[in-house]
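Okay, got some structures for you below.
Both complexes shown next keep chain A, but they swap its partner, so chain B is in the first and chain C is in the second.
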Partner chain A sequence: MSDAVANVLEVSELDTSYGRIPMLRGVSLNVPKGQVCCVLGANGAGKTTLVKAVLNMVKADKGTMRLEGKSMDSWPTHKRVESGIAISAAAVGTFHKMTVEDNLKMGAYYIDESLLRERLVEIYQSFPVLRERLKQRAGTLSGGERTMLAIARAVVNKPKLLILDEPSLGLAPIMVEEVFEIIRRLRATQMSILLVEQNAVKALSVASSGYVIQKGAIVFSGTADALGKSEFVENPVM
Partner chain B sequence: MDMFFGLAVSAILLGCTYTLVAIGFSLFFGVMDVVVFCCGDIAIFGSFAIMGAYVASQSAGLFGILPFWVCVILLILIGAVFCAAWGLITHQFSIKPFRNSSELMPLLSTIAMGTVIKEVLGLLFKPAVNTISTAFGGESAVTVVSGRNPQGFPPLLLPGGTTNARYLIIIAITAAILLLLFLFLNKTKMGMSMQAISQNKELSLMTGINVSRVIIITFLIGGVMLAISGFLVGSYQKLMSFDDGAMYGAKGFSAAVVGGLRNTWGAVVGGMLLAFVEVFVSGYIPRGTAYSSIMAFVVVVIFIVFKPDGIIGDKSVEKV
Partner chain C sequence: MTDLNRSPDSSGSQVVRMPEKILTIACNLLVFTLAFLMLRLPYKFSLTLVALVIVALLYIERSGAINAVFSLYIRNKKLAALSAIIFMLAIPVLLARFRYQSHIAVMSVIYAMVCLGVNFQMGSANMVNFAPAAFMGIGAYSMGVVTVKLGVSPWFGLLASIILCAAAGLLIGLPTLRTKGYYLSLVTMALQLAFTQLIKNIPYIGGPNGLSGVKALNIGGFSLYKSYTFFGAKLAPHFFYLIFCLLTLTVLYYVAVRVSISRYGLALNNIAQDEIAANCLGVNVSRYKLFAFLIGAVFCGIGGALYASLTSFVGPNDFTFARSLIFICMVILGGMDNPAGVLVGAFLLTVITEKLRDFSDYAQLIYALLLVIILVVRPSGLIPKRVRNYCALFGRELLPSPQQQDAENKSS
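Entry: the complex of A and B
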């Protein structure tokens, strides 16, 4: 198998800036097919910028990105989503005035009605909390339920690449446990996942490879084991 | 009691015309987070376009060839095309270029666009100009614009029917449009996308909605709605002046604010409330006509002070 097919996502030498302030500098990263790859970093290290650049919500100044070997540099955001990248970002929230069901349907923007119904049945099996709340407005959900909804919304599409941006953000420890249980279940279905987290210990418990990002640059890359033994995780002040 | 019912009907009629303009405001605000201040002018442009098309088609003898109601629908369609075009022009030239600048910029630029629309109409339907001679006689040095040269709106709505029947049709058309809009917003993918963008723009991008396409379609639909509201305003008022847009814009915007910007039903409630206040003030308060608009704006001020979210405002602030 060639390298291009072994990786779902390949980012190389990515530069972005916010106005005139450089944000990411020469970021290169690969997400292997069917595995969980984590990106660890402190607040403001550039994790979310990286995620948004992958979706072209932040313009890349330089660098190339490939999805399953195909260059996607010229694709606008909606084309990248249509081509199989789904993102669940806890900080972005939900469509708060829509019902839980409509939120899920919005996630399935590109699949047709009959397929959607099948997918929703699967979703309700893996997220029983949501089935009880189908007709409820998303804005009335608890923090944990909202995170579940955000993840469910992203996986309705059965994406080629699932990006989870800080799924544990602001959750009680017991909910964090539940979220990572879901990530484990998704991993078991061979879904390729890019997990962006601050919680290094939890992230490494599900990931097989990882990166550390500091001040907009990748400072470590390697297997999860190597990352776990590195100074970045042992010394929690990153 | 008769007077009460009479006033109530007038209020509902006036409310219908405000409501459609207000919905224009809240549709645009929903997808762009920008108050498009030229909604009223676009609507009035629509009624002038219908007027112009009427004159043209009459001289072309179109009314002799086609049945009357087909002609009327054609005229409304012409108005709709013009307004949709203005909607698009407004978006392309006075909103899109300011995407990344301060939110005050599109505010000013849409007011400017409204002035452009108004002046274009003013050029086409020239106000009467009187000249006065100077104290020294001879050539006049000063020109004075006298009167706004109001134009008669053609009797397109049930010309043979009674006034009451005509009023009933205005209300029915408004109700039909509201129903269509409701179905569109809640049952179609495009409508749901508009709601999604209004609620969470970032998430809309992330779910793969083609946001710029939805915005353009919103401006087209908003333009069509404004054209129909222009038609109804014309049929109701009978006399139209090129600068009516400013007042309709102000009333429509006020209705949208009172109801709660972003909320389509709020626009309906707000428009009706404003119209009822206006009509009843002029009906029951002696010489109230002079104060009716003032009272309507007082209501707006009261809402801004005590309930800035509007009647059906967005109360659920998302917890993080």
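Entry: the complex of A and C
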């Protein structure tokens, strides 16, 4: 990349392994600023491992990662979050025993209370469902509402990079539609999003560029249009 | 729940507010009268009262009345705190002439301190620490060594206890960063057993015989643990000591409440529920886990130092695994992650244990039976954790409620 700042996240030559089993091999990926970048792949391809490596929940054996041009290889998870990476994933649950409000408050663990109020007003406008359930325990929400809560919690802090790991997982078609509507709205606010999905058609409807990951390696990268026409999306056995 | 969510301004007119204040004081009066009676009455009545209180607590929790009581206290925070301190200080005065009852009171206060410490780890962060007695022992032995071996003021002993326990808390907290759940419990269990063996084998601190002659705390030559005579009435030696312990407990309780409602408490609860999620929201998990161990150890240490100073003797048999289990029982019985519940648990179990001394053959049986019954009926304890509500607690609405916001939208 000629202009380093044009990318929010740059991953180059990333290797990870679980014990002696190699997982990711030489993964390079760029998330351009203010755009949605999707990563497509089948189960076990290494999508979630990639996400975990970006947050340092899985240690990288090799490779470098940069956030807005700054090397973040030595940063622990909480520092990466503090620096502006937010995640919403199935592995990162909501806090069942706490109210929706407190869950949202946790999303803004690093901001001032005075800022929090206005951020939350914005959140209620984008997520009207949550506003009605503010004082309810998160454990009493439906699956769809919980996904909404997880996304809302991730964006309270206005992250530089939002990682969505399979937001459509386990949701009814109507809820999937709603989740992607939210992603479109977030895209309109110039938020940089790394969208990791199995649902290729849906993901490509919001993304501007994309990658395909297979058996731990990137096998295709390009614009969303090019990706949509490639064999990986046309061929149902991905 | 609706009661809890009501903002202080909407709670009604002045007419409604006046009885509310009286009600707060009455509630406090009831609590401390019951505590006094349990301490003062002979075992038959005392234990009957304990049973009644437990049943009553179970009932008011089930009926939801306890939420109303809590919101009452939260709305009238200052008044509740002030009246509670006054009533609390009346107990040593009323018990002034009864040596044994004063002793039970002091013990329950010291145990309450230790339990508040255990609660940081077990209640808030869900890390079951089986070594509170070891921390208490470190505190007690620091006190013993400083006063007996070094011959300095017991205040330095208290300071040494705090410092050494903080250090020990950090050290014992370190393995917790690597282990979770049962494994963590096993690690702390091993540490507790090792601690007892260790102090038995150090001749400098008396080995199995312990250290005797630990000095009581004093203020300018005025010993806090000594029998004084006032207006011809001979006071129990525990009188001033009990007052001192109660005031210390008040400070520790305040700290515990502040921690549990702060961002620290929030982070600990998050770690308990979902460590990965907490980390992904920017919580430095290792730091907070160490914090829970550090502050918990300091609380236990203060309790231990005060215990040593009270009994004037420290021995390895006071800080065994069995003692640790009792603290854990107190926290579970009282209500995990609720400082008020922990105090209740510590008090009730101490009173039950002491009052059952009169017929020691059945003491253990009754004790065990009670615990089993409570754990079956209410596993979350007598006064379980409340749902967090920051806004009501600080007397202001952090977030606009839907209704308010609709009004704002209409006006703009």
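Going forward, the second predicted complex is superposed on the first by the 235 of 238 C-alpha atoms of A that agree within 3 Å, B and C clash if a C-alpha of one lies under 4 Å from a C-alpha of the other, contacts with A are read in each partner's own complex, and residues count from 1 in each chain.
By definition in this document, a contact is a pair of C-beta atoms (placed from the backbone, for glycine too) under 8 Å apart; a residue touches a chain by one contact, two chains touch by 3 or more.
The structure presented is a predicted model; accordingly, all values stated were derived computationally and were not measured.
Novice: Taking chain A as the common reference, can chain B and chain C both be placed on it without clashing, or not? Answer clash or fit.
Specialist: Here chain B and chain C cannot both sit on chain A without a clash.
Novice: If we overlay the two complexes on their shared chain A, which of chain B and chain C does A:R131 touch? Say first, second, both or neither.
Specialist: second
Novice: Identify the partner contact of A:H78: answer first if only chain B is touched, second if only chain C is, both if each is, neither if none is.
Specialist: both
Novice: Which partner chains sit in contact with A:E178 here, chain B, chain C, both or neither? Use first/second/both/neither.
Specialist: A:E178 sits against neither chain B nor chain C.
Novice: After superposition on the shared chain, which partner residues are touched by A:D61: those of chain B (first), chain C (second), both, or neither?
Specialist: Touch partners of A:D61: none, neither chain B nor chain C.
Novice: Thinking of the overlay built on chain A, is A:G170 touched by chain B (first), by chain C (second), by both, or by neither?
Specialist: first
Novice: Is A:R153 contacted by the first partner chain B, the second partner chain C, both or neither?
Specialist: A:R153 contacts both chain B and chain C.
Novice: Would you check which partner chain A:R117 touches, where first means chain B only, second means chain C only, and both and neither mean what they say?
Specialist: second
Novice: Output check: A:T99 vs chain B and chain C. Expected answer is one of first, second, both, neither. What do you get?
Specialist: In the superposition, A:T99 touches chain C alone.
Novice: After superposing on chain A, which stretch of chain C overlaps chain B: 76-84, 328-336 or 400-408?
Specialist: Here chain C runs into chain B along 328-336, and the other listed stretches stay clear.
Novice: If I apply the document's touch criterion, which positions on chain A are contacted by chain B in one structure and by chain C in the other?
Specialist: 55, 57, 76-78, 81-82, 87, 89, 91-98, 102, 105-107, 109-110, 137, 153
Novice: Which positions of chain A touch chain B when the two form their complex?
Specialist: Listed in rising order, the residues of chain A that touch chain B are 55, 57, 76-78, 80-82, 87, 89, 91-98, 102, 105-107, 109-110, 137, 139-140, 143, 153, 170.
Novice: List the residues on chain B that touch chain A in their complex, please.
Specialist: 189, 192-193, 195-196, 199-200, 202-211, 314, 316, 318-320
Novice: Which bits of chain C are touching chain A when the two form their complex?
Specialist: 1, 5, 263, 266-267, 269-270, 273-274, 276-285, 387-390, 398-402, 405
Novice: Could you list, by residue number, the parts of chain A that touch chain C in their complex?
Specialist: 55, 57, 76-78, 81-82, 87, 89, 91-99, 101-102, 105-107, 109-110, 113, 116-117, 120-121, 124, 131-132, 134-135, 137, 153
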